[in-house]
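Two complexes follow with chain A in common, the first pairing it with chain B and the second with chain C.
Take a look at the complex of A and B:
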């Protein structure tokens, strides 16, 4: 029996080893290296003789006004796009769940934006909202609602709103699929007995549907929050941080600092601040959902 | 038995992976030792790696590959040149990354604005210190162009080609409006306002196009209005970037922007060539490359050129251009021969035929240059000025863009924004 167990362990270890090696070399090692870099003055000017500067990079990041703008923008982006995607996604899922025909057709239509490339979707949004773009053409030349072209992308909030609209539009499909699967697992008997008890549509939705898919909501919330913090492609392609870095988010700012100004130490510190924030948020979200559950049970 | 086979297979897989990771340096000793011997055995063939940003399909690249390099290799047996074309922005980033991994080329054609940054990284050779005949070689080149490679008392490259911007205007639009090409700054402001409006198709047109707010875009206006960026020693900004004249220049541009007389600077707006070619932008400041672009894309467009409009400070455009530098890891003897060849009369005249403004004084006197399309630029060059050649310039340029954007958008007054900028720049210049 013991020999068998050992052989088994050896087999498991040898099967795990290739994966662990790759994981170690390409994930664990870079993270550790990044952690080390974040404590050094590591830029183009000091490439060959880095000096240890303790927490100075972290201090510089936190005091940097552009980081603060980028941080605010990221938070706002997440606060708007995550509920936006979830609410619309859940609504679409509930609607599709309640119809008998064309289900597949609607699912495909709503899922199409998800499989569209971020770069292409972003470029299309840029051309639509450009000062010389489609929307201005429509408003100005066709409908004559405006007297001159509106500079949608030339202000902080204009650029951010366009990116947020893109984020929501692109995320609805994923939420729809996830929630549709969850909705289909809610036992029909619950709805039937609630109906007999005289519960209306809204009561059934809030008293039965939502509590039954709580796990899925938490999953979507955590995944989408991480996704919201990772917003990069759309901002990079639509505004590029313009005007004057007013529309930067954490990742675009990190990218700019690392690859345009060569401040690798600064960017490493920024990435750890971001990871810590995300970790804290995830813990908070789990706690909230758990205490909510406990409250319900009482 | 099956288990044993599975274990064996897994071990083999891991072994193969490790082998493939580790074997590369160990199993290829031949090229490694050959590369190591090259500097010590001069009779062996040397290959110079030369990175540049002549675009791959351009006439310049054709000339480089088919005329210049063959000629250089013929004159210098034993030296081969491997020229690699990069996009302009890519070249900058690739050089930075190569410096990290010690894989820099021997020689590169660098935008003169990059020299201070690379010099700070200690990867460029100070030519005047290493090359005994530097003075006689540099003496053949234009001083204004050579100033872009000078930091402190040392030269970190040779000027390769130079350029500046002049005013392009749409001949028909100006004639229709009954205005002459603007010679003074007041004329320019009046012209931009008069020309702006809507065209026959109801589309918005702008009197003047400026695609960005960095030093390259703003300096001609600041200098021509009598302003400055820093003191002549490039150590202090207060009193210069926030002087009355500089603030006045920024305010002038902001007023023009707010009255829709000049365009914004959104990267998604109509590109300059197309905007000018289709009559949406009626004036612009551009470099010599624009002549060929317009001839290719809008051959029927009628336009004229004029010097930068003169303000209280005169008519000063901004100096651009490229330098050719060698890196500290280069084969210095061979690289120096190549640098001299590329700035010599033959190469400079061949490149002038493709529209590159030469920096070799003797080439400037040739018929090729006197009859070239870029002749108007040569008149503007003596008055053109170089942007600050300090290591912090990239960062300063970014601060300038941020400050002026706030003025353009009406968030700050020009004076407040420039006062704040002056403090930031003082700190950067003191580093």
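Take a look at the complex of A and C:
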């Protein structure tokens, strides 16, 4: 509809403005400021040290050994937790979709980890994975799988494993709900005719289910990749980046550089590198899925 | 053939049950730890359930009486409720205009709003902190609310816009013919008919504000201004030995409103997530 009269223009503006003002001041302005800061030596506290240094911050970030560790950790976290939660979430959704009783009950229970806050879930995992904690007792004293208590939180990979197990555990419920809706929208006739043709369960899954829910898979992939790069609270609560910054992720390292060393310019450059990486990944994922679709059509 | 089906079904239920146990075990352990006396938390062997004679409410008593944590509950409630109220109002207004009117730059505006959903909120924390310092809202609840509102606007607008687009335009036209203005359409047609979508985003926004940690942890230092997540995490800085009994008692209490909302509004949760997933 066209807006038309001047009085209507005012009314439309009055509806748009409050939202745009808040969004502009607290989201758009910080994004632009971030870009500006990334080209400056911008030390917090000393308001006078704001010198334009071009791309030096970006160079410093990329050459920084700790940034490289944090980057690797974030990529590994994403590569492990995203497929992990998607596969398990889809499996749970398929199971729930194939039963008749207690569907709602299971859906509620599997969603509980999603609504548990990151702070609380991280603390529980930290407590369970403690050297004297419940898990080591189970592994060592009950199942005898290990010969001594594993010091999970004292090594790079130990800490990363705890964070990744938490990430998968907490994400399954969301995937289950998303995939359950997708599975329910696949027409039943497709399965019936495939069954008549003698296709087994696996064939039906790969030939009918997966292609039918492609759009949902892409949606989940993009959302979860963003979520994977967003990992912050769990690392901060479980390892705090220790030992010796070996378990830092992009956001925890960015935060440390900003608020523990005052290097706002460095952190701004890091944030921008991260945002660009995510944007590129999103485009790439969309392209991949689309070319896949085109291939099928041939 | 029938026996085979029964076995297959039993295996399915068993697998689902196993997953359900794994999903709930950590929360049960949290509650059981909160019910143990603080000194008994690292006894060997560790026990999942407290023994009958050691069950105690002393951790909960400390949190509710001596610890002064009620103020944190109150802070979280104020911040979350005001955040969702403002967000619902401004996002639905944005969504209504974007869904119903054509104007120059509309596509660009909507595209930009969606684009910001890709960027993790925490990446903006550095310039946002300078902004908070500049506005003088550090250590104030006002240092949280507008930032949270701005944070949830894109997703809320996106969801509500999709819903309003499915409302037939005839409803609008009927109001205009009766001499109603654009405001009448917004308040009498768009808001009531889009209320399922608004309810759905309101629940998500409430949880976002209720559990937000990185920003609150950056802006608030004052004990009396802390929201629940930073009050919980604060146990680590204050004491040399973490008092897990207190940590988990406070955690369990802070989960109660979340669980209540989840159980009461379950269908909005599901429809909210699925609307994004199936369309995407």
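Worth pointing out:
Convention: the second predicted complex is superposed on the first by the 270 of 298 C-alpha atoms of A that agree within 3 Å, B and C clash if a C-alpha of one lies under 4 Å from a C-alpha of the other, contacts with A are read in each partner's own complex, and residues count from 1 in each chain.
Note that contacts are C-beta pairs under 8 Å (C-beta built on N, C-alpha and C of every residue); 3 or more make two chains touch, one makes a residue touch a chain.
On a predicted model such as this, the values are computed, not experimentally measured, just so you know.
In the superposition on chain A, A:151 contacts chain B only, with no contact to chain C.
In the superposition on chain A, A:233 contacts chain C only, with no contact to chain B. Within the superposed three-chain model, A:109 lies in touch with chain C and out of touch with chain B [touch as defined at top].
Once the two complexes are laid over each other on the shared chain, residue contacts for A:286 go to neither chain B nor chain C. In the superposition on chain A, A:206 makes contact with neither chain B nor chain C. In the superposition on chain A, A:125 makes contact with chain C only, while chain B stays out of contact range.
Between chain B and chain C, it is C that contacts the larger number of residues in chain A.
In the superposition on chain A, A:244 makes contact with chain B only, not with chain C.
Of the two partner chains placed around the shared chain by superposition, chain B is the only one that A:261 touches, whereas chain C remains out of contact.
In the superposition on the C-alpha atoms of chain A, the part of chain A touched by chain B in one complex and by chain C in the other spans residues 11, 15, 18, 44, 127, 132-133, 141, 259. Residues 7, 10-11, 14-15, 17-18, 21, 44-45, 47-48, 126-127, 130-133, 141, 148-149, 151, 153-155, 240, 242-245, 259-262 of chain A are the ones that touch chain B when the two sit in their complex. Those residues of chain B whose C-beta lies close enough to touch chain A in the complex are 3, 6-7, 10-11, 13-14, 17, 93, 96, 99-100, 117, 120-122, 202-204, 260, 264-270, 391, 394-395, 398, 401-402, 405-406, 409.
Here chain C touches chain A in the complex through residues 9, 12-13, 15-16, 19-20, 22-24, 26-27, 29-30, 33, 42, 44-46, 48, 86, 89-91, 93-94, 96-97, 100-103, 112-113, 116-131, 146-147, 149-151, 153-154, 157, 169, 172, 181-183, 186, 207, 210-211, 213-214, 218, 229, 232-233, 244, 247-248, 251, 254-255, 258-259, 262-263, 266, 269-270, 273-274, 276-278, 280, going by the rule given at the top.
On the side of chain A, the complex with chain C involves touching residues 1-3, 8, 11-12, 15-16, 18-20, 22-23, 25-31, 33-34, 37, 44, 88, 92, 95-96, 98-99, 102, 106-113, 115-121, 123-125, 127-128, 132-134, 137, 141, 169, 172-174, 177-182, 185, 215-216, 218-220, 222-223, 226, 229-230, 232-233, 236-237, 251, 254-255, 258-259, 264, 267-268, 271, 274-275, 278-279, 282.
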